[in-house]
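Next up is a structure, given as C-alpha cells.
Per-chain residue numbering starts at 1, and chain names A, B and C are given in the order in which the chains are listed.
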Amino acid sequence: MLVLGVQAVSVRWFFPEVIPHSLTLQPLRSTVTDPNVASSFVTGLCLSLAVTSVAIVLAWPAARTLAGVGRGLGAAVVGVLFLPSLLPAVGLAMGVDVMLIRLGLAGTFVGVLLAHLVPTLPYVVAVLTAAFARRDQRIEAQAATLGAGPLQRLRLVTVPSMRGALMVGAALGFVVSWSQYTMTLLAGSGRVVTLTMVLFAALSGGSPSTVAVLSLLVALPAGALLAAAGRMSGDPS
Amino acid sequence: MKRDRRRTSGRELLGLVPVLLVVGGLSIAALVDALASSISAEGSDAVGLAVFRTVLGLPGFWASFWFSLYVALSGTLLATAGAVVLGHRWCTRPRGRRTAQTLLHFNLGVPHLVWAVALVALLSPSGWLSRVTSLLGLDSGIDGFPVLVNDPYGIGIVLHLASKELPFVLLATLPLTGVATRRSLAQGATLGAGTASQIRHIYLPAIAPVLIPATIASFAFGLGGYEPGAALGVQRPRTLAVVALEWFRSPDLTMRHRAFAVAVVLMATVALASVVLLAMTRSWWTMRATPHRREGVRA
Amino acid sequence: MTLRLDRIRHQFADADHLLLDDISFILEQGEITCVVGPSGVGKSTLLHIIAGLVLPDGGSVMLDDIALDKVPTHRRPFTLLMQQPQLFAHLDVVDNVAFGLRVRGVGRKDRRESARAWLELVGIAHLEKRAVVNLSGGEQQRVALARALAAEPRVLLADEPFASVDASARHELQTLLLELHSTLGTTILLVTHDDTEARRLAHRMLEMHTGGPVESTLLSRQSRTAPV
C-alpha cells in the first residue's frame, strides 16, 4: 500500500529507482478532477450508504429475533444467510443478475442495491445479533415500567445501548458493499458505475500513477473505516 | 426466581422475513437459475447435459479447471495454516496483538482488486521489491527478478489469496480464542504438550466451529473470485472464474449457458471440497462432544 | 386508590401445572406489603403481571375497579424495582433518575432539578454526574430507587430489590426504604424470600405456597419488629 502511495504522487518513476526522483500532485489532481472518477465516486458512495442503511433497517428486527430464538432455528437462519458466502462469487453474481433481469431491475440503482444486500446483510445481521444476545433484554421492560412507550424505548434505550454494534455493523456493511466488483459489474449492466470499475478499466491502459491514485481512493475509506470499527469492537479477551 | 421463558411470537418471526427473502431468495434463485440454464440449450426446449458435454470437451477447459483448483487450494491452505499458527501464537503470547489486529482489519477493508494492484506494484519485475534487490545487487535487474505476478504458475494469485484470506480466517476465529481456550492451552502446556500438539489437540478443536466454515468460504472465493485471476493471472491458463465471467458477458447467448455450466462445476467443486473437509475433521466434532479431553490428561 | 387482583391465573408455556391459580387480594393503601414464599412459587411473576409485563391467562388487575387488561405497561401508574438495578448505561446518574419524567415530556431543566431532589432524598446527591457503571452495587440500587420514585408511581413494585447487594448495604437500604416510606407514604408491594427482611419492612405479609395448584393466603396484620 505504501508503494502505491508513493506511486500516486510521482510520474516517470522508472526502474531501477527505489525512491522516485521527484514528487508531484499532478496525477492526483488530474485523476480526482476527472468527471468519470468523480461521478463514479459519488455513485459508489450513495450506493454503499444506501445499502448500509437498508441493511441496518432490515437486519435490526431479524437480529432481535435471532438473539432470542432457540439454537435450531437460529442455526438454520444463519445457514441460509451465509449460503452466498459459500458459493463461488462469479456464479452468484451471474445468477443474481439473471434474477434482476427477470424483475426488470438490472442496470438500475435499486437493482444493484438489492444485489449488494446479498453479501452485505449476513455480516450486519451477525454483528447486531451478537450485540442483542449479549445485552440484558429486561432493560426495555424496566423502561416500560418507568412510563416509556414503544417508540420512546427504541429511541431512548435500545438504540443508544446498541450504538457500538450499530456503528461496527454499519462500517462492515459499507465496506462489503464498497468492495463489490463482480456484483456491481453484472447487476449494473454498465449503467451503474462505481470507482472499483473505473479502476479495473484503468488497469489496461492507464498510467501507473493514475492506477495508484484510483486504488488509494478505493481502498483508503474502506480500510480506515474497518480499522476504526475493529478498534471499537475491541478485544474479545 | 423463574424467568418468563416465552415462545418466540409470530410477530417476532416476521422480522426474519425481509432478510431471508433478500438473501435466501436471491441466492437460492441464483442457484436454481444456474442449474436450469446449464441443462438447457439456447433455442431449444430440450433438457440435458449437452452444454456440460460441450464445455468439458473444450480444449483448455481441464487445464483451466486444474489451474483454478490448484491456486484455490494452495491459497486457502496457506491462509488457513497461517491463521491457525498466528492465532495460536496470539493466544499464548498476546504481545502486539492489538496493533496487528488493526492492521488485519485494514487489510480486510481493502477491496480484492486494490490488493491485487498493490501486489503488482510491489512484486512485478519492475516493481518496488525488484528495484530493492537490484539496488542491493542481489540480481541482475528486471530480467533477473523472478516472475511473481501475471505468471503462468499462478504464484501471484496464490500469494493474493493467501495474504487476503488469512486476515479473514484469523479475524473470524478470534471470538473463539477467549479465556477458556487460553486456559486449556496453558493447561496443555503444563502437561507437556508442545506447540504442534497444542495446536492439534487443543487449539484446532476449539476454533473448528468457525475455522471450517471460514475455510470453505475462503476456498469458495479462491475458486470463484474474479478479481485475482483477472488482475494477477495470465491468458493461458485462465482461471475458471475469469472464463465464466467473460462467457457470461459475451453477446452470444449460447455462451451464457456455458458460463452457467462452469458456475455449476465451480459450485459442485466447492460442495465436494466441503464434504471432504467435514469428513476429515470429524474427529474434532466428536471430541467437542466429550466434556473432558482425555488425551490431555494422559499426556 | 385501590389495587385489587381478581382471580389471577397463569401458566408458563413450558410448565405442566398452573403457576398462579386463582390469586385474589386487595392491596392496602399507604402500606408496605411483603410477598413471601419459597422460590419458584410465582412471586416475581405476580409483580410482572401487575406491571403489565406478563399478561395473565385469566383474571384481572383492577385499579379503582377498572380492569387494566388492555393497558400497556408504560401507561400503568406503577414502577418496578428489579433485583438488578437495570440502570441505563448510556446515561449518567441524574439522567437515569430523570428518565421517567423525560418520557412524560418534562423539560430538561425541570426534570433534572426534580431528579437532584430525589438523589438528595436517597442520600447520593454527590454522585449526580457520575457514570452509572462506576457505582457500587448499593449506590446503583439507590439510583434505581430514586428513579422508580421520581416517576411518582401510585404503587412501587419491588422484586427482591436488595438481594443483589451485600449484608451491610442491604441493611442500609432497608432503613432508607422505611425512612422514605414514612416521609412519602407510597404504597409498596415488595417481594422477598428473606423472612427477616419481610418482618422488618412489612405492615402486612402475603404468603404464597407451592405444591400443586398455588393457594394464596392473606395473613392478619402483624406488628413490625422495632426498627434497629
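The working rule: contacts are C-beta pairs under 8 Å (C-beta built on N, C-alpha and C of every residue); 3 or more make two chains touch, one makes a residue touch a chain.
Keep in mind the model is a prediction, meaning the values are calculated, not measured.
Taking the mean of each chain's C-alpha atoms, the chain whose centre lies closest to the overall C-alpha mean is A.
Taking the CA centroid of subunit C as reference, the farthest chain centroid is that of B.
Between subunit A and subunit B the centroid-to-centroid distance comes to 19 Å (mean Cα coordinates, whole Å).
Centroids built from CA atoms put subunit C at 55 Å from subunit B. Inter-chain spacing, taken between the CA centroids of subunit A and subunit C, is 46 Å. Annotation for subunit C: residues touching 2 or more other chains are 53.
The touching residues of subunit A, when paired with subunit C in their complex, are 136, 138-139, 141-150, 152-153, 156-157, 160-161, 163. Every residue of subunit B that touches subunit A in the complex is listed here, in rising order: 8, 12-16, 18-20, 22-24, 26-34, 37, 94, 97-98, 101-115, 117-118, 121-122, 126-128, 130-132, 134-135, 141-142, 171, 174-175, 177-179, 182, 213, 216-217, 220-221, 223-227, 230-231, 241, 244-245, 248-249, 259-260, 262-264, 266-267, 270, 274. Within the complex formed with subunit B, the subunit A residues making contact are 1, 3-4, 7, 15-18, 58-62, 64-66, 68-69, 73, 77, 80-99, 114-115, 117-118, 121-122, 125, 175, 178-179, 181-182, 186, 196, 199-200, 203, 208, 211-212, 215, 218-219, 222-227, 229-231, 235-237.
Those residues of subunit C lying in contact with subunit A across their complex are 51-53, 72-76, 78-80, 82, 84, 86, 88-91, 99-100, 102-104, 147-148, 151, 157.
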